[in-house]
Structures are given as C-alpha cells and as structure tokens.
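Can you read through this structure? Questions will come right after.
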Amino acid sequence: MFQVQDWTFLECDKKWEDAEVILYGAPFDGTTSYRPGARFGSQAIRNESYGIESYSPYQDRDLMDMLVRDIGDLSLPFGETKPVLATIKDYVKEIVDSGKIPFMLGGEHLVSLAAFQEVHRAYPDVAVIHLDAHADLRDHYMGVKLSHACVMRRCWELVGDGNIYQFGIRSGEREEFAWAAEGHVFMNRFNFNHLDEVLRKLSNRPVYLTVDLDVLDPSIFPGTGTPEPNGVSFDELRTVVTKVCSAMQIVGCDVNELSPPYDSTGASTIVACTIVREMLLAMKQADKWV
Amino acid sequence: MFQVQDWTFLECDKKWEDAEVILYGAPFDGTTSYRPGARFGSQAIRNESYGIESYSPYQDRDLMDMLVRDIGDLSLPFGETKPVLATIKDYVKEIVDSGKIPFMLGGEHLVSLAAFQEVHRAYPDVAVIHLDAHADLRDHYMGVKLSHACVMRRCWELVGDGNIYQFGIRSGEREEFAWAAEGHVFMNRFNFNHLDEVLRKLSNRPVYLTVDLDVLDPSIFPGTGTPEPNGVSFDELRTVVTKVCSAMQIVGCDVNELSPPYDSTGASTIVACTIVREMLLAMKQADKWV
Amino acid sequence: MFQVQDWTFLECDKKWEDAEVILYGAPFDGTTSYRPGARFGSQAIRNESYGIESYSPYQDRDLMDMLVRDIGDLSLPFGETKPVLATIKDYVKEIVDSGKIPFMLGGEHLVSLAAFQEVHRAYPDVAVIHLDAHADLRDHYMGVKLSHACVMRRCWELVGDGNIYQFGIRSGEREEFAWAAEGHVFMNRFNFNHLDEVLRKLSNRPVYLTVDLDVLDPSIFPGTGTPEPNGVSFDELRTVVTKVCSAMQIVGCDVNELSPPYDSTGASTIVACTIVREMLLAMKQADKWV
Amino acid sequence: MFQVQDWTFLECDKKWEDAEVILYGAPFDGTTSYRPGARFGSQAIRNESYGIESYSPYQDRDLMDMLVRDIGDLSLPFGETKPVLATIKDYVKEIVDSGKIPFMLGGEHLVSLAAFQEVHRAYPDVAVIHLDAHADLRDHYMGVKLSHACVMRRCWELVGDGNIYQFGIRSGEREEFAWAAEGHVFMNRFNFNHLDEVLRKLSNRPVYLTVDLDVLDPSIFPGTGTPEPNGVSFDELRTVVTKVCSAMQIVGCDVNELSPPYDSTGASTIVACTIVREMLLAMKQADKWV
Amino acid sequence: MFQVQDWTFLECDKKWEDAEVILYGAPFDGTTSYRPGARFGSQAIRNESYGIESYSPYQDRDLMDMLVRDIGDLSLPFGETKPVLATIKDYVKEIVDSGKIPFMLGGEHLVSLAAFQEVHRAYPDVAVIHLDAHADLRDHYMGVKLSHACVMRRCWELVGDGNIYQFGIRSGEREEFAWAAEGHVFMNRFNFNHLDEVLRKLSNRPVYLTVDLDVLDPSIFPGTGTPEPNGVSFDELRTVVTKVCSAMQIVGCDVNELSPPYDSTGASTIVACTIVREMLLAMKQADKWV
Amino acid sequence: MFQVQDWTFLECDKKWEDAEVILYGAPFDGTTSYRPGARFGSQAIRNESYGIESYSPYQDRDLMDMLVRDIGDLSLPFGETKPVLATIKDYVKEIVDSGKIPFMLGGEHLVSLAAFQEVHRAYPDVAVIHLDAHADLRDHYMGVKLSHACVMRRCWELVGDGNIYQFGIRSGEREEFAWAAEGHVFMNRFNFNHLDEVLRKLSNRPVYLTVDLDVLDPSIFPGTGTPEPNGVSFDELRTVVTKVCSAMQIVGCDVNELSPPYDSTGASTIVACTIVREMLLAMKQADKWV
C-alpha cells in the first residue's frame, strides 16, 4: 500500500530468512572516558546513508544485490555495563546460531567484547583483526575492567597470545606498548604495513574484524570520542577493509566510535557510511566459503 | 524474536487497521525562500521523540494508549513542486478514505496545501485554523504561485472568504495585511486573543489545523527557516493546540517548519516533539464525534 | 612572584582553613539516558565564570568577600557507577566533618545521591528541596537502580515519606506522578507556587538543596541532557535559590546537568555561573545560624 | 542593465543626497574583554536583513518609503584603538555636517564614543539614552581607558552629570553602581520602568540613543560578547526603541554588540535586524522637527 | 567622499567596460537532493574573500592587476526551476554578447546548465571540462529532469558524444558509469590522471570549465551538499584549475556547491575563495588568444 | 588530603625549582585582523590535554618524566597592545633569568615578539626558526606596527638580516615576498624542504622556535584565525618540531594561533596538544647542552 522511505541502512531491507549478514546497532557509550556521544553513532549512520549511493565504483557492486538485513538498534540502558553486554550477547547468539554474520554498528568500542564473545564461542579458532588509533590493552581504566580502553585486553583473555592483530595504533600508555611487545598481540603501529603477511598467515582461519574509526586521521574523521592525530587516510582504510572482507572468512565484524555530536559538518558520518557500504559489498564473497 | 528500538514517533506503532490517526512525514523544502532544511524536520522529530516521555502531565494521558500509527516519511523529489504535492495528495486520499485522520509532519509549509486539498474534498465545509508568524497570503513569490509564502492564499482559493482563521501573524508584505483586512481571512495578529470566540463559531464544523512552528518566539524555537521575533511562548502554543484538538472536530492537521540544521542545541526539535505529543493526546477525543 | 589568572570559580580561592563553603566538581554523566556531556559541566562553569562579575546587583554582595574555596574537579572513572559514588562520598565526608558546607557542581543528577548520603549521615533530620523538570522518582531505569532517573527515589529510601519537596516538575512516567501523589514526596508541578509555605514548614530544619538546571526553560538553558519545554524563567529560579539559600540552613547543595556540548552559544553556561554565584552570595548568611 | 540583489540593509539604498539617515558599520571589537566577534556584526545584519520583511505590522510602515542610505562598513585596523576612533569620527563628522542622522551598526560598544563625540560637538545639549546590561562606567579596565567597559564613563566626561540615562543595567563592579548612585548618571536597573518620565524630561533636547543589544535576555539574544542573564524581552526592547525614536529628536544612534560567531542559530542576527528596522521606521518622524 | 569596505570579491571592482571577466552569483539550490544551503555559497565566497590575500605566491600575480568585475548575486526565486535558469541565461547572454567571460559562483550545480546554454550558443564548438565527485549523468532524478544530478546529461544533449570530459568522478548509479563507458562522455574516475592528454586534444577549442567543489576530499571541503569521501587534495585541484585556465581558451566557467551551513569552521569557504582567486589569476592569459 | 584533577597541561605540574621548561599562556588576540578567538587558545590546550596520553610512541617518552611546570595564563587586558607585550616581557625575563626555557602558548602571533625580545636580550646570538602559513613581514598593517601581520618584521629589527628562517610560507602581500627575496630573511615557501641544511648551519647557535599552527593544512587545523589552504600535514609538522627541539639548543619557543571558537569539532585543539607534547618531550634533550 504505502510506499515510504526506508528506515534501514541503504537497501539493507532484505528478509531475515534470506539475509546472510545482519546489521544491528549497539547505541552505548557508557565507558567513554573523554567525549561521549557514540551512542548516537549507529542511528546517524542509518539516517545519513541515503546521502551516498548504494553502488560502489570501487567494487562495481550495489547493495541492492546484497543479502543484508538491518534490524535496527538494540534497546540498551546506561549506568551498568554488564546488562548491556549481556543484551548484545543474546542478539549475537541468535544471529550466529542462524548461520548469519553479525555486523555491529557502535557505539563505543567496548561493545565489540560482547559480540566477539559469541563469535568466539561459535568459532573457537577465530582471529581478531583490529584497526584503531588506540591500543585498548589496559588491564583496567581507573579500576574499571569493562572499559573501552581495555576491550582488546579482555578479548585477549579469551583467545590468548598471538591471535590479535592490531594496525594503526598510535596512542596508549607506555605499559600497553610494552605489553604488546612481549608478544601477547601483534601490533603494527601507525599504519597497515604488514597487513598482507598477516592475511596470508590467517588465510585458513575465521576472522573477526573490529574497526575503530578513529584509526582515521582527525581531518577526515573528527566526529569521534578520542580523536588522535596522524591517522590513516580514507583510501588506506577503504582499501584495507575491502581486502580483509573479501579475502578472509569474516565471521563477525563491527564499525564503531562515530560520535555525531562532534561531527559538526556531517562528513565523519558520511565516511562511516561509506566504509560500512564497502565492507558489506566486499563481504558478500562469503558465500564462496560455504 | 528480536526486540529492537522502534523507529516510529514515540509509541505510535499501532496497527494501521486500529489506528485513528495516521502520522506521516513530508520531507520537502523546495520553495523555502530563506534558510532551507525543513526537509529534515519530520525525521528529526521521529528520532528525537525518545528524549521526552510518552506521558503528559498536562493532560494525564499517555501515547501508549492512543491509536496512532506513524507510517514514516514519503519519498519526494526536489526541483519540481507539482509531483511532490501530487504524491502527498495520493497518500492523504488513502488515509482520509480509510476514515482516519491525517497528521502531517513537515517539511516546509507548502506541503499543507496538498493535504488540505484532499481533506477539503472529503469535508467540503472544513474550516482552517492557521497558527503562524507569517501571513503566507501572497498571490505569488517572485512569480512562483506554489510557494510556502502563498500557501494560505492557495487554500483560500479552495474555500473562499471567511473560512480561514489566522493567529500569531506578525510578518508579511503590506499587501498581505491589507488583503486580509478586506475580509478574505480572519487575521488575529501577534497572539491568540480571539481564539475562544472563533472556536465557538466553528463548533459545528470540521477543522483543519495547520501549525507553522515559527509562530513560537525564536528564543524557544530558533531552528526554523524564517525565524521572526516576538512570537508566542511554548505554553501559549501548547494550551491553544490542546484546546483546538480537544474541542474541535479535527479532520486533518500538520506541524511544520522545523529546520534541524538551524537547531544547534536540539531544543527546537524537542519543542516540536512535545507539541506533536500534546496534539495527538488531545485529538483522541475524536472518537467522541463519530 | 608570578601573578597569573586564577583557575578557580570566580574569586573562590580562599584558604581551606578559612572557607565555610567548599565548591567541588563531579564530572560524571555515566547514567545519562539521552544526551551525555554533563561530565564537562563543572569545568565549563569554572572556566567561563570570568565572563560575569563577582559582584551581584541583586544582593549587593561580592564573591571577593565570601569565604569559599573551589577545590576543583574530582577524578572519576566511567563504566561503573558505584566507585564514582564512593569517591564523591569520601570527599563530602571530609568536607562535612570539617564543619564546612559542600557545594557540588555536576555532572549529571545522580551525583547528588552520594553527596546527600554524607550530608544525611551528619544531619539526620535534613530535608531535601529539589528543583527539576523531571520527577527522578523511578524505581529503576531499564533495570538500573543507580540512574539519574531514579535519584530522588534513592534519596527517599534514606529519608522516607514527607521529607522531599519537589518544584517545577513537568516530566516523568505516569507511575512517578502517581507515586508522588500517594504522599511519598511533596510535588509542586510546573512552578514554584507553594514554595513559601514549604520554607515556613522547614524553618527549623537543615536543608539540602539540589538544583537540576533543566528546571529552566530550554530557551534560557538549552545546554542540558534532557531539555523539557515549559520551564521556569531565569528570574524565577534566581529568586527561589536566593530565598532558599538565605532563609534556610543549607547544609549541602548542588547545581547540575549543564551539558556544554549542547550549549552552542555559551549562554547556558553563563546562566549556570550566575545561579552558582547567587547561591554562594546568599548562603553566606549561614554564619548567622551557628 | 543588470538587476542584481542589493548589498545594503533592506531597502536602504536611497541616494546620499536624499537620505535623512545614514547607516554605516563600524566593524571593530578590539577592546572586547570576553568573547570577541562583534567585528562581524554589522555585515551580518546587512546580509541577513533580507530574511525579514521591509514592512512592519507594528508601525504600518515600510523601509521602501524611508530616506535611508546604507554606506557600508568603514575600513578599520586592529591593534590600536585611537586611529579606529579617529576614522569613525571623520565619517560621522561628514554625516552630521551634511545635516543627516548617523546610525551606526557595531561592532563593540566602544565605537559609540567616537560617534557621540561628533554628535556632541554639533549638538552640545545632547542627552544620552543608553540601553544595556552592563553599566560601562569603569574608569579603566586593567589600565585601559578606551575600553568597551568604560564607554559611558568617557561619554560622561564630555557631558557631565545628569545627562546620561541608563536602562536595563544588571551587571558591573560594585564601584560602578556606587558611582552612578552618586548622581553622575541616571541608572534604571534591570528594566525600563522610569522611561516615560525620562522622555518627558528630555522632550526639548536632542537625544543620542545607544543600544547595546545585550540588554536583551540571552534566550532571545545569545549571540553577543558578554551575555548576561535576566534581560528584557524582545517586545520590551522593540516598544522602547520605537517610543524613543518616534517621540524624541534623535540626532544620532547606534546598535551594537551582535557577535555572529556566537549566534549559532542565526536568531540573534534576525533580532538585531528587526530592532534596526523598527528604529529606522520610527525615526523618520524626524522630518517633523525641522 | 566616503571610502568604505568593498562588497565585491577581493579587488574585483573594475569597471564593467574594462572588465574581461564578469563574476556573478547564482544563489539557487532548489534541486539539491540531500543537504541544501548552496544558495548561500556565492555570498559567503564574496564576504570571506578578504580573509585571504589578493596576491598569489603560486602564480606571482595579484587580483589588483586583473580586469575582473563582480556584479553580485542574481535575484532568483525558489520553487520553480525554469524561471531560475531563464534568468541566469539572460544575464549570461549579456555578458557573452559583450565579449566578456562569464564566471559564475554557485549555487548548486544545475545552474551550470543555464550558463552553458548561452556559452554554447556563442561558441558552438565549445568543450566541457567537468571536475566533480559525482557523475551527474542521470536522465532524471525521481522524475525530475532539471536536477543537479542530471546536469551533465542535459549538457550532453546540447553537445553530443565526445565533448564532455569528466575528472574526479567517484559516485553515481551503476547506470551512469555504464552510460559513460559507452563513449558518450570521457570519464576519468577518482583523479586527474589523463588531464594532460585531454588538454592537448582540446588545444584548439574553446572550453567551458565547471568545478563542483565536492571533487575535493571532505576533509578539506566538508561544507557541501553531498560530501563524498576519497576526493582530491587542495593542491591537486589548484594545480589543475590553474593549468586549465592558463593553457586553454576559457569562454565560461563556474565554481559551485559550497554550502555554508555545513561549513562549521569556515575552512571550506576559504578554500573556495582561493580556488576562485587562482582561476581568475590564471584566466587573465585570455587576452593572449584574441 | 584532597586529590583532584590537575589544572595544568598534561603532567606539567613539577615544582618551579625543579622545572627546566616553563609553560605559560598569553591569552591575547587584540591585533587579529580576520577571525578573533586565539585568546582562548592556551586555556583550551590546557583543558583538553587530558584527551591525549602523556606517553608518546613516536619518541618513547612520557611527560611524567619531564621537568616542566605550567604556570597558567597571564592576566592581560584588551585594547592596548603595549602593556600586554610589557607584561609578557616581565614574565619571560623572570623565566629566562632563572635559567629556564620559556614555552609560550598563544594567543595570536604578536605575543611572540615580547617573548623573543627577552630571549634575545639573554642570548644575543639567537636565531629564529619560524613555521607559518603567513610571512608576517609587513612593515605595518593599516598603520599599525604592533600587529600579528608584522611580528617577524619586528623581530628582524632586533636581529637583522640572515637570522630568521621561515618555513611553510604561502600567504602574504607581493611586497613581503619581495622583501624576503632581498635576503633579509630566509624564506622556504610552502614546505620544509631546506630545513636540514638550515639546522646544520645553526648548529652552534641558540634557537628560538615559533610555531604558528596555521602552517598546518586547514583540513587538520581549521580552528585558527586565518586558515590558509595548502598547508603541511600533521606528520610533517610533528617530524620537524621534534627534529628542531631535539637537535637544536632551544632557548625559547611558542605555539600559537589556535582559535577555539572556530574549532567546532575539537580536533584542532587535540592537534595543538599533541604538537606541544612532542615539543616538550623532544626539548628535554636540553640538559645535554649545558
């Protein structure tokens, strides 16, 4: 009857039954230590996605042809972290158990922990590729263990040494860099230089890709909680996420840390939309693995 | 299965079949002459509505109990006005023919014309109550007849003299004020002083209520295309729309001219949300008339 | 030697030993459910205070003559609420045990709970005067008990029926208004009408005054997490806080919910600074009681 | 040949020879002590004036019929105050000597001094009506005598006791209020209460009207260098300037302290435009005196 | 007599008779499909031009020495596209028939169509060089043929295959890229790689240069209606426009799509000013061709 | 007793006696000719510094280990330039005479003159390394000699030909470039190409380093008074200041021209904080020279 504008991310309105990738939002920023607002990130990405095209000239593909369903934002409280993570876990479990790929829109980076826990349960040999400006390897942040500043340390506690690969890192405490250097995680500072050899190494393993958009330079992505100078360019990130999503067996992923209150021109949101589009278009290689 | 956040205006998620009021957005601002952006108004009202409660202490009612369905935003082009108005007309026809009340979220004020045309077709004796800072009575604006600055003149061409009641008007060309003074429309300048006698006069007639939110003072509602100093207070507008919606037989209505790019603090959007809530809560008296 | 600009709130640089009032900031907004940012409130009040004068023509007094010390912002984590409240409690204990009056700059409203717990310990017969747009009387918010939306309910659990006096309330769930109406708290909706009789009633009791600045209309105070239309004017609030602070025995107080990221013009911050100044100038009547 | 948009303030494009009022801008804010930006005020007023109508329903007059010429903004340096004031003086001399009325758009308030010096030279019995939030009566500001905070003190040095009438004052040092109370100037604090009797008293004298727009409440006029809570409403100011400009022999006037960088919604600029329009429309009574 | 600040673009105040290049603004954005505001672009470029120098160290030339006249902004309505384009055509006809070069400041991109129609009439062998992020090759946009998204398709209808050369294109529908690939236009995606060979090919033909500033990366130019990541750098664009304007016989050109409401820092406007300056300085080679 | 958040720049809270570098702010922008606001720069750098880490992975050093004291902002008036410069000189004299290195946070660029005068007095053979977009070599700016646009000319008057080395310059009047080309100063336009040879040449001399942050591209640093396109990247600037501060004997330095009102996203401020951190970490090589 009525044909109205879609509320989903750009063309991601396929039926649940048909969908291979499930897009969902986790509007939480309760542990953000500097500038909050990432709670509004997933909704902004959805709303503004119609500002770009569904077709990508980079990949010559169109989201109209992809089997993706955006189910919207989860309902999450503020003030206690554990129930938030538990709620996310419940949803991801349902997605994973349906044989679909969970693609989360943050929210702050801590939400990755809940999604990863479920993906790790289903794929115990999963490796993590982590793109970020910050190491996120602290044991605790002012006593808080469930903090965005500790999320990779918490993931490490699940997978152990040698299973987390970090790229773009350029901020952290001295201790985080030292701990990484002890071999607990692979840390490629400042850029993506050693990505190709990591991809070759992981070629037979399922991969969880977590993208903290502040890996980008603040000139291209100022709308985030903890902007850190000297980041990668849009094209570097676009190339890398396309390569990872098309070359690897992605079993879960997330894009996080867009903070719309600090995106005064809206350009950061459009950048986030484009990265999500490119990842979705590249991931559809997934059907090859099955 | 999945319980995610609603995308509709606050609790306006009842089934079409059950709904007595249909909320819909008309994201158009193609004739705005000063500051465009009202195209984003309806979506902002929807998105930010969860910032207020569904319960009103003014009326002791809750939107959870109301039979309202928000069907979302219509898909409208830019560059030609006629197809936009035609699309709106088609939707409103379907709503009106279903015996439901159309409640439009603008967009700029011209969209009222299309909705009113259909309501007038169904209720030929309908009167218009128009709350606005601007007279909107020009015959044309730089040669353009379908302009936000002419919308009440176009409505007058449908209903003739004595059927349009304007309140709060404080801006226009000299000719507009003169034309109104000739008796074509009733114009209550600056405030709502003669509202009660107008309501008594219209007590047996169906009423279309069109609210241009710039009737409010720019201090409370800066986020609009043509802010005009010396407007009414929030409480004056709240009281009036509640009175009109509860006392009169509303057969159609709209709230328009929120322009989010100029609402830098978000307060204008929250004001718009609250006015819409109060109107919806008051209108539900509608079932009494049938 | 070096004479540089002061970092404290306007002239509040007296020695700890001499100070009768201790100003301190609680930069926390971890349970904010809508728009975060109140964590930056106390620092903004301090920074921008030099935009107003230390002299008040309303009271013909000057902060230069007052015995107030601003000790700065507490160091608080994000992600867990309990340690935050515990830290605040520790500080307030030290202030109260020194016979001084704690004056907290929020932060979100939940921080009042910690301060009030200590004040209540020291003054078990303390009454609460609460100025706010929101009732804050929920038992829990999406399962979370330590939430800004529940702060007065938590205070009520300490003091029981009849000891909390709310003014300006115009938002909440139906249940909150019903619960108040059962007599648990005194709730003066929308305005300050019955303030004088409440002050008479409390004339022999110590009073804790908690001011959620969103009691103001969003036109004068848009820079807050949950703006709610139809608030009081600046002069109404100024008059009331002056009256309460000068007429009553204030044993603790707070001013909260300024959210600088939403104060795009800076006017909300200046309003907050002026309210704090007027309270400090009025409170110095305190020495009369002893 | 080419008919393009006018660059002047709304319809103020009459020939110099015919003009009775000369509008000119003084883009200077070099002594602003808090938030600079008033240098952009005059240009913003000019640019945005087409957002309002040239017709006023308050006065039933239209700027199209008025004999006003906007000559644009003066070219002024920054860093030294004296040459700036000298440049303004030169222009005002030329205007005054041509028998026209100088109407200055600031800029910060210090620019009034230069204009007033020339007007005082031509009309030695001129009185000053000063609308402002701030007393501007300091002898010096951190040692600087030519400061916006001292402008009325400098004017007083020209005219002596009893010739300056201040309204709306609500901010200053204790010393400024005390000095005024000694009878040097007439100071009506907070509002316009005694305006009518002052106008009667000055009925036979030429008047210079200086309007610091921060006399308005920050809710209606946040876009200014030193916003001060508790100001007058738009309608109070509009009524007063209309009354002064129509009832008195205005021999010079200015409107100042719009600071566009702090007018994030543009509403302050529109308010300024409307006040200027109403003053210009009321002033044209001037021809009656001659 | 009075020497006031100029209202034209930086030093572009030469007499019409002497001018070889005529600068004019087309403040229209009626078909913008995403974020409107380009209507304010030309005025912002003019106003802010004094933020840069008239001298260019890149070309060692100064606008003071150039024969350019800025005639201001055309008066254009909103709501109907055809009269807007007709008005622009009339002006451009007059400029072209006077033997001068029309240089238009947009406005949205559709305005280029009207200017190009007149230039094409006068120079039937004219070729188009088009710098843009978007292909603008749609046959229609939601049924609208006169849309910014179709402007190059409309131009193609005038000149036919092989006469339009696009650079920087990185967004469009699949169909647009396919249509270009059929040979209707030359499309250089993402960058300016093949510019030199195109310039050689066109060396004997008059050229119309149309610059949609969103060809720039959003990091350097966020203030535009449809920002698209992965654009060219400022220096790449500066080098290219300088080369085209100095090496080719420019018979008309335009710079468009600056949208000031989305240029929160003002940097986009300064970038636009600088590109316009460099083009004007390079074009003055024009006299060599005659 | 109370442990509250520090008000100094990141960990720069060492005792005066122990400190080798003294950080101080000069909140002045009285000669800014375009967009004022740099007066708020030093305080913003201080406030926001906790948004980055004190540890640098570039240098593997931590500010916790450095002997730096931030003494806060000087108290400076507006309206007269000379007393401002005199006040700065007094402070710098005290720092220099204590054998410490003065590190100034601007403020606009003119403040460098006062600091340099004192440093030059103590180290008569000092050379200046000047990183900037603008030449700042005018003899006067509209008659004003003490202007940010003339600051390097004023320094040259102290040191004479061949002692000032400018890098990154891309804006100025034709005369400034010509004057530099006469050999008065060394000017490396657009970039840092000849830095290494300059450093070699100056290897035996004390150096004053003055960094106008607008040397950066406006994409990375829009929050400044006169943004100029085509600047250097963050990494280029970071590398250069690190090299200069570690390789040369720095006897004084400054970082200026952050204008927070134009830094809508906050990213410019974070960039400034990081540059200051890297300079401080590199400078501690200073103890080697003694």
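Note that the chains are named A, B, C, D, E and F in the order they appear, and that numbering of residues resets to 1 at the start of each chain.
Heads up, the rule we're going with is that a contact is a pair of C-beta atoms (placed from the backbone, for glycine too) under 8 Å apart; a residue touches a chain by one contact, two chains touch by 3 or more.
Small disclaimer: the values here were computed from a predicted structure and weren't measured.
Touching subunit C and subunit F at once are the following chains: A, D. Taken together, subunit D and subunit E share the touching chains B, F. Interface repeat of A-C: among C-F, D-F or D-E, the matching pair is D-F, sharing over half of the residue-numbered contact pairs. Homomeric contact subunit A/subunit F is classed as different-residue, with under half of its interface positions used by both copies.
Two chain pairs are in question, B-D and A-B; the one with more C-beta pairs in contact is B-D. Computed from the mean C-alpha positions, the centre of subunit B lies at a distance of 39 Å from the centre of subunit E. Subunit A and subunit D have centres, each the mean of its CA atoms, that are 55 Å apart.
Shared interface positions of subunit E, i.e. residues touching 2 or more other chains, are given as 35, 75, 217, 219-220, 262, 264-265. Two chains count as a pair here when they touch; such pairs are A-B, A-C, A-E, A-F, B-C, B-D, B-E, C-D, C-F, D-E, D-F, E-F. Only residues 29-33, 35-37, 39, 75-81, 83, 110, 141-144, 146-147, 261-262 of subunit D touch subunit F when the two sit together in their complex.
Across the complex, subunit E is touched by residues 34-35, 169-174, 177, 189-190, 217-220, 222-223, 226-230, 262-265 of subunit F. Put simply, subunit D touches subunit E in their complex at residues 1-5, 7, 16, 24, 27, 43, 47, 71-75, 91, 94.
Remark: subunit E residues 50-53, 55, 57, 60, 62, 217, 219-220, 234-235, 238, 264-267, 270-271, 274 touch subunit F in the complex.
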